[in-house]
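One structure, as structure tokens, below. Some questions next.
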Amino acid sequence: MNTIGLLTSGGDAPGMNAAIRAVVRTALGRGARVLGFRHGYDGILEDDHSEMRSVDVGGIISRGGTILRSGRCKAFFEPAVRAQAGQKLQSLGVSGLIVIGGDGSLAGAKKLSEECGISVYGVPATIDNDIFGTNPSIGFDTAINTALGAIDRVRDTAYSHDRVFVVEVMGRKHGFIALEAGLAGGAEAILIPEIPFSLNQVCEKLAAGTSRGKKSSIIVVAEGAGSAHQISQDIRERSGFECRELVLGHMQRGGNPTAFDRVLATRIGSFAATQLMNGRSGEMAGFMNGAIVGTPLETVLSTDQPIDSERLLLADVMAQ
Amino acid sequence: MNTIGLLTSGGDAPGMNAAIRAVVRTALGRGARVLGFRHGYDGILEDDHSEMRSVDVGGIISRGGTILRSGRCKAFFEPAVRAQAGQKLQSLGVSGLIVIGGDGSLAGAKKLSEECGISVYGVPATIDNDIFGTNPSIGFDTAINTALGAIDRVRDTAYSHDRVFVVEVMGRKHGFIALEAGLAGGAEAILIPEIPFSLNQVCEKLAAGTSRGKKSSIIVVAEGAGSAHQISQDIRERSGFECRELVLGHMQRGGNPTAFDRVLATRIGSFAATQLMNGRSGEMAGFMNGAIVGTPLETVLSTDQPIDSERLLLADVMAQ
Amino acid sequence: MNTIGLLTSGGDAPGMNAAIRAVVRTALGRGARVLGFRHGYDGILEDDHSEMRSVDVGGIISRGGTILRSGRCKAFFEPAVRAQAGQKLQSLGVSGLIVIGGDGSLAGAKKLSEECGISVYGVPATIDNDIFGTNPSIGFDTAINTALGAIDRVRDTAYSHDRVFVVEVMGRKHGFIALEAGLAGGAEAILIPEIPFSLNQVCEKLAAGTSRGKKSSIIVVAEGAGSAHQISQDIRERSGFECRELVLGHMQRGGNPTAFDRVLATRIGSFAATQLMNGRSGEMAGFMNGAIVGTPLETVLSTDQPIDSERLLLADVMAQ
Amino acid sequence: MNTIGLLTSGGDAPGMNAAIRAVVRTALGRGARVLGFRHGYDGILEDDHSEMRSVDVGGIISRGGTILRSGRCKAFFEPAVRAQAGQKLQSLGVSGLIVIGGDGSLAGAKKLSEECGISVYGVPATIDNDIFGTNPSIGFDTAINTALGAIDRVRDTAYSHDRVFVVEVMGRKHGFIALEAGLAGGAEAILIPEIPFSLNQVCEKLAAGTSRGKKSSIIVVAEGAGSAHQISQDIRERSGFECRELVLGHMQRGGNPTAFDRVLATRIGSFAATQLMNGRSGEMAGFMNGAIVGTPLETVLSTDQPIDSERLLLADVMAQ
């Protein structure tokens, strides 16, 4: 394999740049050329690419975002568009493609591979940690530290004013960020989409805390479990607590990656490039139980990343 | 003066604890006792106070919030309630009171002094920097660095996705946080309540940037100049830019104070305690043109802190 | 088991407080009393202890260091002293003891258990990550992020002045911090005690980098592999590069724990308390391949934590 | 003036990039061309320069170091070399030069101007804050926050182990960093070159603290007042305290600039470009008592920046 393609797709995540660097330098070290496509799959369709040298990825390991830019290419849902992309890649001599992104991006890669005979290898980068085959995904550790920083700050005000704060973090279908940041932030309650909850019970918990002398509380909620605004209002009405809300939003995506995310991205990116050049395809590299392994995209895309409900119980014990 | 009272009132600000430490240790060093009242003026009315020893303020210089807790005492608008507070203070032997807080808290202090013969000295602590007689106020530097951290993070995503981001910061009547964080964050536009603006012009500016090759932009708006949600929607409709919003909210209040805020709070707090014990009253300590000075509360409360419109022009030049 | 003892011993590590909180709240939740001993084993010998209530561990999850203080009790190497400690514990009704610390502290716990019939359970907290049975140990993630912060800062100066910087991190016998921080920091060379290296080869690598256009470099060295001062001088003499040094030292121990360390400490601490109360003894709780498990102290203390030499090769590829 | 030159010289400081951006965009906005010289004055002598467009300074406001690189050009002490530099500048059509750096760099600028008829304007960037005509200099605020971060971390360990820590910060002739970081860090003693001190008195202070119940202490020392190693050893010998040392070193130079430094650099850089283009020369732009003003280089270079000894007294009161 002489030329491999590389792109980042979907929501950006801290560590994408570290993964780009790892793919490029590993591939160059094994004698390949690397073509970087800009703005995700759009870069293939629109001939927006350039060759990546070692110096082009110098100094990027410490930066958030992605130097290749990203995109959400809706046209790529069309088989005809994918066929076109496959032809573009073949005409450029690209026989293998590395896709850095979330599950939507990986689903596109799988189809491209199956339909067009392009070898593909996936690198899971998303702050949501919702991809089976890696735990955590690249960007998750940075995102929970960012969310934790905000929770720590809000705790100062909650304490100073004897208030309840509801902090809404990202996670439409999954509560990974909420659970981890809530546990780390010592949240009095954590509300996630996977586990049903009752606001009445939350209010009882807050009242029990008050009777023990606890005057301020933090509730962390994943956006898929409810909006901070609605929950805050509900708690106010049901319990009379002075309640404020905070929505972290897009701030969670950016920032310089943590040490963990840089090392994870470097290991996963390098593994992916090596596997692709060794002739593997249709897989995703990931961190599973302490090792970097490849998992078939078929398995990745058909399996739900399970939430660790033990941590929710643990958070409850810790809030006593 | 043998016993001085101390309280924090209004919205909490990073550096309040450093100011508490400075007041306590300065007063103790000059032979006074210090009574700390909890939850602002409520602590006087509800006999919620305790004597503060040097060790009680050990290690707090680095922490956000206020160990004395704060409060917004609406009852204190009533002359009868203030009279009651004055009697409480006198019965405790408190002849002088130091109030750490924003303009509402300082207005209460002024009235208490005029009506009840209690000496008072103000310490300006608010993230809003909207108090005449000090520039900046205690907490402002930390707040703009917090806002800047969020802007830097959002810049990663804006860059990666070629997007416009509208970031809403605190400031109902004033644009100090927006102006400083926007200038430091390299914002393409800064919208503040003091200076009229046109969204059409903002859109033209964005379009001009695009034509020069700039693909992502950050707009910083003070809450008093418009909501991120509304402005984001307007820009999308008028210009077609892909536009996202972020509301920083209460996160801006908390966090460990910066070096600047710790030194400022220490200097102002110590100055206030010294002046009060030297017989001064009805003033506020502040940082003006490089020195710590006292300004009559009358002047403080009747003068608007002017915005530096030069910086807005500078931000425009920098966005070219 | 009605009363369990708790102490922190050896070098402090970020996350010790989170572990204390987890032990206390888990034990209280299961109906036990917790006695906290101050300054490590000295607290047992010197009757320096107090009962820990839930409120005593409120708000400490976010703080570095240890509220129980730590110590290195040399007298504890004497069997007679340990016998005395055993009697003290029995007279206090303490039938089980949780020890939070590094390998020296855990060795003391093992002997205390074997000789005096006290049940013990270990919680591995050290920035060095040199304890078999957990990977990483509590405090490691925070320490590598601290080291990384320093490396990122030094990179600015190295780049601006075309210099080589040698950064010395902690690790007398092991290179875990050096390897992880070096990989995350994009170091051009990483020198650790476990793997022999040649400074001539390092100089050749630097020269090869220069010929490719790389004008600045970072070398990360574990203290056990050489001093920054000596290595810096050697490189200057052998190669003529302008070389500077930085010794991170004790700064690496402190700081607010990262999200990862807080969650890890909470999970491990809670697991340890649960196991001890379930009648287990002579084990250490740890994080192994994605799960929290107990490992006999005998195994922990007789097995060397292996370094991942793959990462060193990876760092080499990345430095090309 | 159609073409102005720009360089950064001497030790790098956070905010240099923000100043570069401000000079470039201000000059372009007024119709000038800007030539950026690399590696300080060497860039003039060695024809190492390129034209700077607006896009070249995009995104650099948030980064430490200097994209123009810096250097300490010893040859520039020779009049003949300066004459050569003057000719190079004239042959390039550069009639005015902006020099960003410390006092050595500004002294070179002054001579170049006097001897060769080149207009010059200075921008004071150094972490040391030792330049008269600005208080603070660009980079100082970031450096003290970096030092403060290290002091806060060390405080955790000092507290956990009842230890004294001696932290050595930069400052050969001046104690500005030591004084500010020490005051912000709540240091028990601050030792600076400008004010004589007695280690016996320091030990007495530590002993007095111990007798009041204070078990750990931080001493901040400027490198010009003594080495942490020597002072630590002296204190151990004289007092028996368990004493550790930490040398912050080059870490203090780097890092992303704070909000304050970014705004300061933007204002000063823009002012300097404007003044130079308005025909002013032989001056340095600086922040004095709340405003940006120009001061003749003659005055700047012949006046010592005074230390604020009040702050040292304040630190003493605060350490009680």
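By letter and in written order, the chains are A, B, C and D; residue numbering begins at 1 in each of them.
Criterion: contacts are C-beta pairs under 8 Å (C-beta built on N, C-alpha and C of every residue); 3 or more make two chains touch, one makes a residue touch a chain.
If you're wondering where the values come from, they're calculated on a predicted model, not measured in any experiment.
Number of steps on the shortest path from chain B to chain C, with steps defined by chain touch: 2.
Seen from the C-alpha centroid of chain B, the farthest chain centroid is that of C.
Centres computed as Cα averages put chain A at a distance of 35 Å from chain B. With centres taken as mean Cα positions, chain D sits 39 Å from chain A.
Computed centre separation for the pair chain B/chain D is 28 angstrom, with centres defined by C-alpha atoms.
Annotation for chain C: residues 152, 155, 159 touch two or more other chains.
Contact between chains, per the stated criterion, is found for A-B, A-C, B-D, C-D. Within the complex formed with chain B, the residues of chain A that make contact are 8, 11-12, 14, 16, 39, 63-66, 69-71, 146, 150, 152-157, 159-162, 165, 244-251, 253-255.
Contacts from chain A toward chain C in the complex involve residues 21-22, 25-26, 28-29, 54-55, 58-59, 61-62, 135, 141, 144-145, 147-148, 152, 155, 159, 180-181, 183-186, 212-214, 256, 258-260, 262-263, 266-267, 270, 288-291, 311, 314, 317-318, 320.
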